[in-house]
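Naming follows writing order (A, B, C and D), and every chain is counted from residue 1.
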């Protein structure tokens, strides 16, 4: 029962704030480029508009094209249950298992890539090919990062991780710096941002994520965008809850929950701004340069492990 | 039973003769003279047998001597001459693997080698004084025969080499003797048959198939149609 | 008693059928074949019941069937482990028989088909009896029969030259595995003094290590652990698909059974074994999937994935050995269960994939995925089934592949309990490689499914393809259902058997997924715009998009090939011709990507060449004339005389 | 008893040689006589197994009937019987093709029957010297059998056979003489009777015995096709008509092995048996290795099979060298199994040769359509000879190797690798050959029933022997092993 409440609260909250972060990042980038940028609520408007529009399907497409948006949004939402932002609930049914969390995201990615191939357009194929490549190469990094965290926090469950990091503030821990770097890189990669991917472009060959959903339109597109936004939010949440967990609570009542919600929004906006600046500092790098970036992350997290072993 | 040291000396001389014939067989090129040398060798072996008979008069030795002369000095050479006539081959010129000189050297090496090896064993085997040298000479004679087989080209010569080996074995057996005579006899017959067959085959190699089959049947008379 | 009946009935059915089919190999008609396949299906169900009973009640069953001489016995002892593998075998075999009902009639001569059926039944029963054997003699006996029958089945399409090549390769490799097994078994016999499978004690660690190595190589060859895997892609792609399903789904599991049985229950493992096994497993997994990515022959692709999954299973075994040697019993159990459970899962989804692939190949008449595409519209059922297989093998929740891989992840992640830092680092590296493996597997199956079933057809055959007959859909469907159920109810399954493992309760999660889906769907119905229209694919202003412009398989895997160039030793060749001297107007040109067959070119071929040379030298010694023969004897005699004088 | 053998043998010889009695189809007439003789001999052997107390001695102890001898005789007579049946169709065909002239037929069959007599008595020998003589006789007779064919190569092959074999045999006379002297030294009177040797072995000087053994071994090795005295074997087997190849490979080689076996039994009574074992196993391994490696590049079916005979003789030698009762038991079984399988292989090869007039594998096109029986005979035979289950060779192979493990593990491993190469050799040939199809179609040669029946029989025989071990056979082999004093 309590879990259902948590689920409703958490999901609703995440869905509510995700678009905000998206447009915030856009805004920051616009400022750095000397433009004024869209209003903060722009993403909400866009989603509503898309919901109203009809869908257009290519003749080549099969049912994969049609079911993918549902699968995507569902997987991401269920994944979001693994990352508590309003409050940390009690363990149930192994939610919060790292592997489950990651593989739900992979599930979404898998079908998105299929959908990219479905229409038989050159862009879609290229997008899925690159997406799968990038995700394959980043995978070991992610696992190692979480392994390092597991080594640090002596657990492999996100809920427990957050709780421990809440109780013992990790910020002063030397390893944490390294971990945070790797986590940040993962965030950049998974949310398809520069230098890995370029969310603005639509026709250039640099794009990955956008290329896959190129064929989508109307309410389907709305779902895709939404799931992308939510995914970004929960990844940010992982970053935040592990490094700066203050405000998050494991003893839910009206006050604490609202506090943690508010603090999360603030922290999230800070992080979003950081991401925005980070994006504007770099240029899109070649696809085959990416492994170097990943190796960097890998190195950081592996050296964390070494630190832990040496201690 | 005459027991004189002179007998042993005679035996030694005979041994030398045997070796000499072997050396000749290795080197000589003309087939006819090869055959003659061979029959001489057989005579010498027979002589050794005879001397041994004088020494420790076991009748078997005497019989052996006679048998040897009969088979090796007369029968076999006769057959081979016949074949060789019909084969129109006079001489055997090429050598393989070893030049005559080389094979003689190797032969000598063989003698020493066999001597060394046997000296580990045989002295304790028989009281007979001449037994050990006899054994050594015999085995080395056999080995030299083998050398003849693989150094000479002509089949006839190879067969002679084989016969030389036989002589070596015979020489060896003389000093132990007393395999029951029937066995000795059988062995000799056996070998004779072998030689005949080999000769016929050799003939077959150098002539047409039909002639060969005629010859084959003529040597196994009762099969002829 | 009941069990005896089941067991013996099953035996009789299989042997009887095999005999009948062989005797009437030229005469038997399609009806007879169909009948025998049904009977085999029945017999497999008997064995299924038999093994299920033992697995669930954790009982044991023993039967002394027949004594050849007093120490050569065909006697069987089925404990829980054996029964578990018998379960896998009988399940997959039954499904394969069902599939063959439709499949087998498609090609081959009447005699050939009868022979195939006969071999199939011998093959199945021999696998069952290997697992059931309680002494090394009957183990080896049936092992050889298994190898032979599978060899004949690989040779089914014997008129194709590459089939012959594969068959030869396969035969030699199986014989090699037999050689190593024989050595191991005989060594065990040397230690214990009997053929019985009992724990070996009181032997020198060196001896034990030698036995372990030879058994590991022996089973490794059969299981396709790198670098002994090379036969697997050849054999599996050469044989008919129902047979590939059996070989890849089941036969290599028999090798896994042997590995577990002898490593865990017969020899008492040392620590370094665990490390070694782990390393071999990891490399098989990674390299297997990496090589799979470059394959465009769908069956070879699947075969390489078998290597990958075997690697995963072996990783589990390795972890078990390591944890056991440190005394972490819970983690050890977790790892072992993961390995065993993954064997079952792999058997299910890999056979599923091979069977559906067989249907696709029958429909299109090609194995090259470049020539397929758009099939999901013409053969929807096959498409969906293949998709389920792909999702399971890519380890996506809530399917069965996910559960076993999750267990192994858990085992890895909790390995920080081990003190030894060196080992710890190895484990973390293994973990990252393992993660890479599963991610690449996902990529590979996006490629496979996407290019076979999605977009527009890329060849006439693909356009003309038809959906296959009922039995060829029903059989994979069973497996697909199995994949889903084993995933969703995994938690309940293990807890019912008394294992509480740190795995999420996928039933609940599945429920949540469905509820969320329902909510989303409802929301979209209420708020979203429902109507949709068709249009052509947006091609950036191209007049008309045709299938030539689709992304090809090689295009899809090109980035990965480039990133892993050091492993593939990828050689890119391209020459261009130009119309003008200034090399500005492109006329035509060719481009190709070659990958370096590391193992074949560095290990197999050199060894083969060496043996060839040696044997040529030796056998040339024989083709000479009499003189030389006599010379040989002469030398031999002289040496003997010397040796006698010298040594004695 | 033995008189019965001789008389029946001579009577039949007589029938053969009767000049005036020359029926139209001489081939079949002579063949029937051959069949009759082998049948009679088989019956006589069975009878002597049942009714004669073993061991019992004849002709002033020159001959002896004991279980080992009877075992050998039984196998040989059985093979001879099968071969005679096969020969009926086979020789008729040879005559049609003028591979053999009609006038040679008498010679052929006379030699054939003589060979049978000699072989049987070789097994019944008690006196080693007599054994030697008969062994030499088999050489002569089989050489004659080889050269009856109309081809020069046969003469060459026969010459190689005669020379290589008999030069080696001469050395074994030397050995025998030393042995004789040894017994004389040990017990005033010298003898070469096996039973006496068995009794007195203990009193001989081990060093000298080994010395003698080495020399005797040279000869027997040459007859049994042991490397490096095996050189005559491949060509002789390949060139001889398949019937004769069968006899050479499945019967004559066994005699050599039996000789070694009896000698080893004597050696086992002396203190020298460790050295002797060492020698035997050394030669065995060498033989296996050389044979295995020489098989790989062979394109000639009969040569391939011949080399595999060499390899198996080597393996038997190893088994004997181990000298444990179990090893010997399985060695004896292996001899039987090997004989049967080899017969099957050569019969099939014979049919194929008459179909394609060639032993080369690449000439054999559309085998399955033209000669399915022979093709399957070849396949099954190869499977059986490389020792895979449901065939008897597997059992003996496994058990002898198991015994070998107690002697030395490295040797075991080497031998296993050699077996791998052998298997590869057979697989290479078969897989390349069997499926190949040719553009020019031969008309199928109709194989006569008399050739099919033996093959059928052998199929059944090897499969049954592979999965069912007759109790009688078991007791007999155990009896033999005991009678050899192990």
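Convention: a residue touches a chain if its C-beta (ideal position, glycine included) is under 8 Å from a C-beta of that chain, and two chains touch if they have at least 3 such contacts.
Bear in mind the structure is a predicted one, so any value in this text is a computation, not a measurement.
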I'd like the most central chain, judged by C-alpha centroids against the all-protein C-alpha centroid.
C
Based on the averaged CA atom positions, which chain is farthest from chain C?
B
Counting only Cα atoms for the centres, state how far chain B is from chain D in Å.
31
CA centroid of chain A to CA centroid of chain D, Å
80
Mean-CA-position distance for chain C and chain B (Å):
69
Distance between chain centroids, defined by C-alpha means - chain C, chain D (Å):
44
Touching at least two other chains at once: which residues of chain C meet that condition?
626, 630, 633, 637, 644, 648
Each of the following residues of chain D touches two or more other chains, namely 156, 159, 163, 167, 171, 207, 211
Two or more other chains touching the same residue: where does that happen in chain B?
121, 139, 146, 149, 158
Touching chain combinations (by label order):
A-C, B-C, B-D, C-D
Quick one: which bits of chain D touch chain C in the complex? Just the residue numbers, please.
156, 159-160, 163-164, 167-168, 171, 207, 210-211, 214, 218, 222, 228-229, 231-232, 234, 275, 290, 293-298, 383, 386, 388-390, 394-395, 398-399, 401-402, 404-406, 409, 412-413, 416-417, 419-421, 423-424, 427-428, 431-432, 434-435, 437, 467-469, 474
What residues on chain B touch chain D, complex-wise?
121, 124-126, 138-139, 142, 146, 149, 155, 158, 162, 165-166, 168-169, 172-173, 176, 178-179, 183, 186-187, 190-191, 193-194, 197-198, 201-202, 204-205, 209, 212-213, 216-217, 220, 222-225
Could you pull out which chain B residues touch chain C in their complex?
96-97, 110, 113-114, 116-121, 139, 143, 146-147, 149-151, 153, 158
For the complex, give me every residue of chain C touching chain A.
373-374, 376-377, 383, 391, 394-397, 402, 405-406, 409-410, 412-414, 416, 421, 424-425, 428, 431-436, 438-440, 442-443, 445-447, 449-451, 453-456, 491, 502-505, 508-509, 512-513, 516-517, 520-521, 524, 527-529, 531-540, 545, 547, 549-551, 555-560, 562-563
Touch list for chain C against partner chain B, complex:
626-628, 630-631, 633-634, 637-638, 641-642, 644-646, 648
